[in-house]
Amino acid sequence: MTHQDAEPLFHDVEFRVRYAETDQMGVVYHTNYLVWCEVGRTDFIRARGMSYADMERSGVGLAVSELTARFHAAARYDDAVRVRTTLAEVRSRGITFDYLITDVATGRRLVTARTALVSIDPQGRPTALPASVRALFVRE
Amino acid sequence: MTHQDAEPLFHDVEFRVRYAETDQMGVVYHTNYLVWCEVGRTDFIRARGMSYADMERSGVGLAVSELTARFHAAARYDDAVRVRTTLAEVRSRGITFDYLITDVATGRRLVTARTALVSIDPQGRPTALPASVRALFVRE
Amino acid sequence: MTHQDAEPLFHDVEFRVRYAETDQMGVVYHTNYLVWCEVGRTDFIRARGMSYADMERSGVGLAVSELTARFHAAARYDDAVRVRTTLAEVRSRGITFDYLITDVATGRRLVTARTALVSIDPQGRPTALPASVRALFVRE
Amino acid sequence: MTHQDAEPLFHDVEFRVRYAETDQMGVVYHTNYLVWCEVGRTDFIRARGMSYADMERSGVGLAVSELTARFHAAARYDDAVRVRTTLAEVRSRGITFDYLITDVATGRRLVTARTALVSIDPQGRPTALPASVRALFVRE
């Protein structure tokens, strides 16, 4: 679901932990939480009315330029997890999202993260975020 | 090393198992052995005098069309493993490789696999294997 | 959904392709389809009334011993895909599943695969499939 | 190599980018750089005289609790990359490492990152870093 009527903008997506995502500690390998953040922002963008796939086809990509994450507790195989993606900032050349990953059954906070993304052209050069994309995220 | 003077053509590459490649059984997650096969054939092709990266830039890719694998024993984190890639067949539109993954310390056989690859153009359509690529693999 | 009233037993699960699952050819990297097969069988087992996670906690794991796959067409980022998992065979020490991965929008067949799994104890040794597990798959 | 005679302690490891590590932007998917950081610290610890695998077998694991990364430039398939892992801090219950990932051919800086790790027991609870492990990192 997407929360559209009050600030801040956020979107939730839920799925189960895959076996392939665990490691020999018996929990999710830490970089996989960051893959889930990407699943969260893809779903957020789609819920705003544009697919990120279409956005790339139109010639604008979003590349992660900075990432911070704190790992509070571990998810395990087959756990249902929720990724809440919140719009933190829209800039002329990029977007920043915050993420909160929780365990669906217990509500326990697992990971908090933030990624700054920059808009790039097909050659990987920074470019202005198109107005059509900005409009998805900025309310008049 | 690449064995060039006798049939069949083969090439060995060695590396250590990454933590990210394990799963909660405490061993390597099975699909990662197949990623290693790709590492093996990339190294094989480079050893024959062409990089697969250059090959793609020249407009011809190799896509896996069939794959079979048998998992005999498990590799563990930080084990040194060896991937022996052997040329099985060169066809007008593809190449087949065999793989033998072993534990370097014990020589134990871990996985045997075979992949058939088809040559494709940038749009993903089957295309003839260029003569320059065939020449890498076929001895006169 | 799980088809329970007629042979053969099968189960469907659907999800969208993640960005992380693509490669520089612009399509899904081939080993990721095999990760999806694991998602399919996990969901199949849960739909039969047991979680594979519980099964492992009870001391019996299922390890892939053989795998075959044919790659017919490619999935792309954000495509909705369906994995149909079908029970192919139950043996005293293992289970074999077949998989059919299709594009949800077009119905196009993407990948067909088969995995043979052997039941193992916590030390990785082959063991008999427990009656409780067999009962999930074999109809009286 | 490991630089042992002057502060700060660091260690370099080099390898080539795998095809599986790229995404449809044609460059390395961002979380894979963080997997490489783990390869870097594993190699650092081994170079200090202990394998992290042995450390886990002795009952002490290191779990990532915080991670920050900046992505300066992209690595591509088959590029040779170097991960320089530097010891940033040793605490009673953890270790912090810094990472600098560069392109071997050009020396270009690709990614800088930092991970804080906490020492945990087999149940995942924070525990003191054993003296034998501390001794690997702290010079008398």
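Some notes on this structure:
As written, the chains take the letters A, B, C and D, and residue 1 is the first residue of each chain.
Just so we're on the same page, contacts are C-beta pairs under 8 Å (C-beta built on N, C-alpha and C of every residue); 3 or more make two chains touch, one makes a residue touch a chain.
The shown structure was predicted, so the numbers you read here are calculated from the model rather than taken from an experiment.
Among the remaining chains, C is positioned farthest from chain D, on the basis of C-alpha centroids.
Set against one another, B-C and C-D show the most C-beta pairs in contact at B-C. Centroids built from CA atoms put chain D at 34 Å from chain C. The centroid of the Cα atoms in chain B and the matching centroid in chain C are 25 Å apart.
Counting only residues that touch two or more partner chains, chain D has 19-20, 24-25, 27, 31, 35, 76-77.
Chain A contributes residues 24-25, 27, 30-32, 34-35, 56, 61, 63-71, 74, 124 to its touches with chain D in the complex.
Contacts from chain D toward chain C in the complex involve residues 19-20, 22-27, 29, 31, 76-77.
Considering their complex, residues 15-16, 18-20, 35, 38-39, 42, 46, 51-53, 56, 76-78 of chain A touch chain C.
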